[in-house]
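There are two complexes below, and they share subunit A, which is joined by subunit B in the first and by subunit C in the second.
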Partner chain A sequence: MTFGIKRSGALFAAAALLAGTGLAQAQDKVKMAVPTFLTGAGAPAFGIPAKKGSELIVRGINEGTLPAPYNTPGFAGRMVDAIIYDEAGGGTKQVTELRNKVQKEKVDLVVGYISSGTCSAVTNVAEELKILTIETVCGTPRVFEELDKNPKYVFRTMNHATGNNVSAAHYIAKTRKGQVKGFVGLNQNYAWGQDSWRDFELAMRHLAPEAKPSSKQQFPKIFAGQYGAEISALLRGKEKLVHSSFWGGDLEALIGQGSARGLFHKKDFVLTVGETVAYRLGKKFPQGLMIGARGPYGMYAVDDPNPLNQWFQKEYRKAYGEPPAQPAYQYAQGILAAKYAYDTAAKKAGKFPTTDQVIEALEGATFPTFVGEVKMALSKGHQAVTDDLWGVTVWDEKRGETVLKDVIVFPASCIMPPEGVASIPWLEGGMKGAKC
Partner chain B sequence: MTRFMDKTFWGLTIGLVVILVANFLLEDWLRFIGLQSMARGAVALGLLILWRAGLVSFGHALFFGWGAYAVALSQKIGITDALLGIIIGTIASGLLAFALGFLLRRYRAIFFALLNLAFSMILYGVLAKLEVLGSTDGIGVKQPSYFGITPEGANAHITLFCFTAIIVYIVALAVHRYLSSTLGAMTIAVRENEIRLEYLGYSAEKAIHVKYVFSGLLAGFGGAVMALAVGHVDPDSMVYWPNSGDFVFITILSGTGNVAATFIGALAFELIRTFAFDYAPQIWQLLMGGTLLVIVMFLPNGLWSLTEHLGKRRKSAPSPAE
Partner chain C sequence: MDLQLLIVIIVDGLIYSSYLFMVAVGLTVIFGVQKVLNVTHGSFFAFGAYLAATLIGVWYNAELPAFGGFLMIFLAAAFLGVVFGLVIERGLLRYLYHRDEHIVVLATFAAFLALEDVIILIWATDPYFAYQPMELLGWTDIAGLTFDNYNLSMVGVSMTIALIMWFTLTRTRFGKILLAVIFDREMSQSMGINVNKVFLVTFMIGAFLGALGGAYVAPTISVQPGIGVEVVVLAFAVVVIGGMGSIPGALIGALVVGISRAASVHLLPEVELFVIYAIMAVVLVLRPEGLFAPPQARKI
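So, the complex of A and B:
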C-alpha cells in the first residue's frame, strides 16, 4: 500500500507541475476553449466544419483582417488563443473536461458545444465555475427553460431547435397550402429526434390543421445505418410529406438508400438539418427537398453580399477547398459574439474588461453577424434569436454546388416564443404573440 | 483483531488520512478527478470481486447508471441528503443485481460477460426512449445537502470528497474483510474448481450470486457518487457500453492484487485520459488503447504487481491480500 501512496503522490506532483506550467503562459492573451466533435459520429458533419470555421475566424480576428465592425485585432486588443478539444465521450466526460479547462488551464471563456446532451450536462457546471460560456449549436430549449432559469455566465448565440421546426411548418403552410393531407415523421430515437418531431407536429397542428399526422411515426435507433424497412414503410404509406431531423452519417445513409428506391421523387421531404450533408454529397444530394440550416447559415448565406459574409465564404473556400456549411458559421458566430462583447465592454470600461463587464455587454445585445444580426432577446438576454430561412434544393450546374430556390425568410419574432414563455406551452397554446 | 489490522488496513488508513489532508490542498480540477476516481474505483472493486471468481462483466454500467438515476430520481421526490441519496442508489442497484443474479449465476465466461452487456444495453435503450427522463439529454442533479446543510461553491466538492473518501474507506475495508473470510475465499475456489467446491458442501451458484450482489452494490455506490459529483445523469455517459469497458479497463490496469489497487488504477486511468485529451485531442482514444496494450504486455497483473515486484526485491513478506 505504501508504494501505492507514493505512486499516486508522484502522479499528483507531476500533474500539479503541469498545471503550473499551463498557468505561466496565460498572460496577455485571451484563452478560449472550443469544444467540438473531433472524433465519433458527430465529427464529419458537425465537428470538423465547426473546427475549421473557428480556426478561420480566430485567425481573422488575430490578424485584424475581418471587415468592419470586427476589424480590430484580437478580443479588446488581446490575441486569442483557441484551445480546440474533443466533445466526444458524453456528459460526464465533458463536465470533467470543462473543469480541467477552467481550473487547470485557466481559460477565460468557452465557446462551443454541439450536442444538446453536452449542453444539458455542462450548463449548470459553467454557472458554478463562473466561466463565460457561449453555447453555439446545441438545440434543446431546456437549457434556459428548465436547467438554468436565471443564467448569468451561459449564453447561446443561435435559435434553439423549436424555431427551426416552427419555421418548417410555416414554410409548408405557405408553399403547399391545402395540398398536404397527412405527414409522417422519420426521426432518430433519442432526445434530438423526439424533440424535433414533437415541435414540428405541434406547430403543424396550428399552421396546417388540415394535415393529419400519421399514426405510424418512425423512430429508428440512432446510428442504425440501415433504413430498408423504414423506407418501405414510407413508400407504402399514403402521407406525402415526411419530416426528418436526421443528420450526419444516418442522413447520408438514408439519402443513399432512399435515392436508389426513388423515395425522394415520390415523397416530399423536410429535412430540418439537411444542409449539413448537402455540400458533402454534392450532386448525389436529391433535388427538390426542403432543407433547414437553423438560421441564415451555410447554403442560405452563400450569396449574401454583406462584406463579412463574403470574407468568410472566400477565405473558407480558399483555406479548405470546400464551401462552409452551417456549423462553420454557427461556431464563427459564437466567437464573433465574444469579440463583440469584449470590444464593447473595453470601450465602455476604457481598459481590458473583466468577465462581469463582458457579460454585461453581451446580455440583451444586438450584434451584426454574417447575414443580418443576432438579438440576445430571450431568457434574460442570454438566448439569441435570428431569422430562419427555408427553401428547396436545386443543383446549380455552373457552380457545381447545390443551391436553394423559393427561399422564404421567417423573422425571429414569428418562429421563437416571446420572452418568458417556454417553448412547449407556447406551441400547445397556438403560438400566441408570434409576429409573422 | 490482529488479523483485522493487517497491512491493507494500515495502508488504507494512511491513504484515507493523506487524501483527506490533500483534499484541502488540491486544485479544484484534481479534486474532481479524485472524486471520479473513487466513484469508478468502487465499480472496479465490484469487478475485482467477480474477477477473482474468474468472471468478467462487460455490463456493469448497468448498475452504475441504475444507481446514478436512482439518486437523480430520488431528488425529484424531495430527497436531497447526500448520504440518503447514496444509500438509495446503492440499495437500488443491489436489488437489481439480486434479481438478475438468479439468471446470471448460471452462466460463466463469455456468456456471463455478454449477458451483462445485454442487460446494460436494455437499460440504455429504455432510458434513451423515455422522454420523461430526459431521453439521451438526461436529467440534472442538484447539489446535495449533508444532514441539513447545503455547502456552496468549492465547498460543495470538498464536502462531497471527504464524505465519499470516508465511505470508500469503510467499503474498501469491508470488501477486504469479505475477501479474506471463508465466503470470500470461495471466490478463488469458484475460479479454480467449481466441482470441488460443491463437494465441500458449498453452492457455487450461491457464492456467485452473493458476489454479484456485492458488485452491484459497489457499482450502484459508484454511480450515486458520480451523479452527485457531476450534477447530471444521462444514458450515454453512464449506461452506454463503453462505460462498462472503462470499468474493465480500470480493473486490468489496477490488477486484482488488493482492494486499494482499484482506486489507484482508477486515478491513473482518469489522469491518463485527462492528459491524453489535452495533448492529443484527435487521437486520445489511441493513447488509451496503447496504454492498455502496454499494461497487458508488460504488467499483466496490473499496476499493483509493481508493488509486489518491489516487495520481492526488498525480500519483504508476500503480498498483502492474497
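So, the complex of A and C:
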C-alpha cells in the first residue's frame, strides 16, 4: 500500500513535471493558425503555393536566417508553431474551424484565408473571438467597407481587388491609348468575378472613355471547365480587348481551349491574376498577355535585388523545385507582418507583448517586405496598400520561364481609394484624390 | 438572327451536348438497370481524367507513336470500369440492394467523398495536363470561326456510344436480358437470369462510360481536385430532364441543355447560369418523370 501511494505520488509528480514542462513549452511558443486551401479547386493555384510560402518563411523566422530586419529568431523571441489547415468547405465550416482553433487549440493568431467568401464569413467572428487575424489573399473590399467598419482584431496585408483592376485600366490607358475601341469581360459568376468586372469597367469609364464595354458580358459558372461557346462568342465579338479574372483550373482550361482556337492571337487579354498559372503552364502560357499579380509578387518580384526577396526566391526554388508564385509571397508577407508587429511591440514593452500591444504595433504601420514596403494605410490602419505592377508575358528561353516585359509600376496612392472612401463611390466619382 | 450565328450556336451546342451526354449516359445506365442513383459517378469521371492524363503523359514522354495517346484514353476508361465495377458494386452496392434507396444514395455519396481523398492520396493536388491529343488533331474553320477538331470529335464519340447502346439494347441477347431485368427484377431471377451478374456487368459499363467521359475531356481541361463534383451535378440535371434510366432521354436531355446553353451564351449571356436549371424545373413541373422515362407500373 505504501509502495502504491509512493508510486502514485511519484507518477503524479512526474505528470505534474511533464505538464509543467509542456506548459512552459507552450508558453514559449506562438501558436499561429494558417488556413489555406489544401484540397479542392483552390488548392493547386493558390492553396499549395501559399502553404509552401508559409512553411518556408516560418522555418526562416524560427531559425533566424532571414535577412535584416527580420533576422532575429521567432516572434519576439518565441518560436512559431504554425498549424496549417484546410480552408475548403465554405464559410460555415470555416467559422467552426476558427472557433475550434481559438477556443480549443488556443492559437494566438490566425494568418491566412484565400477566398473572399471565407473572409466575409470569418471577419466578424474573429472580432467577436478577439483573435488577431491577418487576412492574406482574399480580395473583396467588403471586408472593411461593409462588414467590419471599425476593425480591431482583423487586418489585411495586401491590396483589395479594386487596386488590381484600377491598375489594369491604367496600364491599358497608358500602353494602348486610343487603340482600344471596345472591351468585353469573361469572368466567373460569383463575387470575385463580378466585383472584378465592375471595378475594371468603372475604372475604364474614366481612364479610357473612348473604349466602350460590350453589352454581352460572359459570366460562366465557376469551375465550369468547358468554355467552347464563350470562346466562340468572344471570337465573334468586335471588341479586341478581353478582361478576365479567371484563376486556377478555369484559367488553365480557358488557355488550353482558347489556344487551340487562336483566341489569344486574335484578342488582347488582360488577366488580373494570370500570374498564378503562368509558371505552371510553362511554354504553353500564351505570350503577349497582360497579367497581374495583385502587387509586387511572384513574376514581378523575380529580379528584385532586395536581400529578403533574393533569399525567398533562392530558398523556395531549392525547397520545392519551382519558382514562387504570388500566393506564396502573399502568405509569407502576412506572416512577416505578424513578426514585425510582435517584434516592434516587444521592443516597446520591454517584454513579450500582449495581443493588444501587437495590434497597436501593426495598426497604421509601414513595414518592409520582399519588394518595397507595405503600408497599413486604409480602414483605420487595418487595410494594407502596396504598389501594383502590370506587364506583358514573353517566354525567356535562357531561363526556361515566362517573364514580363514593358512593366509599369502603379503607386498605391494611384490605384487604391483614399482613407474613408469606399471603392464603388470612389470609382463612380472618377477616382478623386488618386495620386498617379 | 444571321445564318453564321445560327451555325455557330448549333456547333457550340452540339459540342457541349456531346460532353453532357458522355458524362450523363453512364449514370442513367446504372439507374435504369439497378435503380441506384450513383453519386460516385463524379469519381469515375475524375479518376478517368486523372488516369488518362497520367497515361498520356507517360506515352508521350516515352516518345511513342503520337496517335497512341488516344488509345490511352480508352485504356484508362476500360481499366477503371473493371476496377470500380468490382470495388463499388461487389464491395458496397450488392449489400444494399434490399435497403431503402435513400440509404443507397447516401452510401454512394460517402464513397464519392472517400474517393475524392483517394485521388489526392494518389495524384496529390498538382494539376495534370494532357494537351497532346488536342494539339494533334488541329482545327477546322466553320462559319468563319476556328473550332478545334478534338472537341468536334467528341460529337462523333458520343454518337458512337449512343449507337452502340441502342444496338446492344435492341439487337443483342444481353440487351434483352437487361430489358427483362429493368422490367421486373424478381421475375427475371425466377426465369433463371443471373441478376447479380447482370448488375455487375451493368455497373462496369456505367463506370466505364463515366470514366470515358473524364478521360476524353482530360486533354481539354486542367485535371485537378474537385472536377468530379461539378460533373455529377450536371449529369444529374441532364438525366432528370431526359428521364431517369432512359438512354434516349439522356441524349435528348443533353441536346436540349447543350443547344439552349449555347444560345444563351451568344444571345443572352446573363441567363447562361440559369438556363440548365430552368429547363430542369419546367420539365419537373410538366412531366416529373422526365421527357423519356417510361411510365412505371405500380407493384402491389
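One rule holds in what follows: the second predicted complex is superposed on the first by the 411 of 436 C-alpha atoms of A that agree within 3 Å, B and C clash if a C-alpha of one lies under 4 Å from a C-alpha of the other, contacts with A are read in each partner's own complex, and residues count from 1 in each chain.
Going forward, a contact is a pair of C-beta atoms (placed from the backbone, for glycine too) under 8 Å apart; a residue touches a chain by one contact, two chains touch by 3 or more.
Small disclaimer: the values here were computed from a predicted structure and weren't measured.
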Checklist entry - Touching A:Thr355, do we find subunit B (first), subunit C (second), both, or neither? => result neither
Item to check | Contacts of A:Glu252 with subunit B and subunit C, given as first, second, both or neither | outcome: second
Checklist entry - After superposition on the shared chain, which partner residues are touched by A:Asn189: those of subunit B (first), subunit C (second), both, or neither? => result both
Checklist entry - Once the shared chain is lined up, is A:Ser413 touching subunit B (first), subunit C (second), both, or neither of them? => result neither
Next on the checklist: Just to be sure I read the superposition right, which of the two partners does A:Lys284 touch: subunit B = first, subunit C = second, or both, or neither?
Outcome noted: second
Item to check | More subunit A residues in contact - subunit B or subunit C | outcome: B
Next on the checklist: Output check: A:Leu38 vs subunit B and subunit C. Expected answer is one of first, second, both, neither. What do you get?
Outcome noted: both
Checklist entry - For A:Tyr85, is the partner it touches subunit B (first), subunit C (second), both, or none of the two (neither)? => result first
Next on the checklist: With the touch criterion stated at the top, can you tell me which subunit A residues are shared between the subunit B interface and the subunit C interface?
Outcome noted: 38-39, 189, 219, 221
Checklist entry - Which positions of subunit A touch subunit B when the two form their complex? => result 1-5, 7-9, 11-12, 15-16, 18-19, 38-39, 84-86, 89-97, 99-100, 102-105, 116-117, 120-121, 124-125, 128, 140, 142, 147, 189-192, 194, 219, 221-222
Item to check | subunit C partner contacts - residues on subunit A that touch it in the complex | outcome: 38-41, 43-44, 47-48, 189, 216-221, 223-226, 228-230, 232-233, 235-236, 248-249, 252-253, 256-257, 260-262, 280-281, 284
Item to check | Complex contact set, residues of subunit C against subunit A | outcome: 5, 8-9, 11-13, 15-16, 19, 116-117, 120, 125-127, 129, 131, 134-135, 139, 145-148, 150-151, 217, 219-222, 224-227, 229-230, 261-262, 265-266, 269-270, 272-273
Checklist outcome for this item: Counting only contacts in the complex, subunit B reaches subunit A at residues 7-8, 10-12, 14-15, 18, 22, 26-30, 32-33, 36, 125, 128-129, 131, 134-138, 140, 153, 156, 226, 230-232, 234, 236-238, 240, 258, 260-261, 264, 267-268, 270-271, 274-275, 277-278, 281-282, 284-285, 303-304, 306-307, 310-311, 320
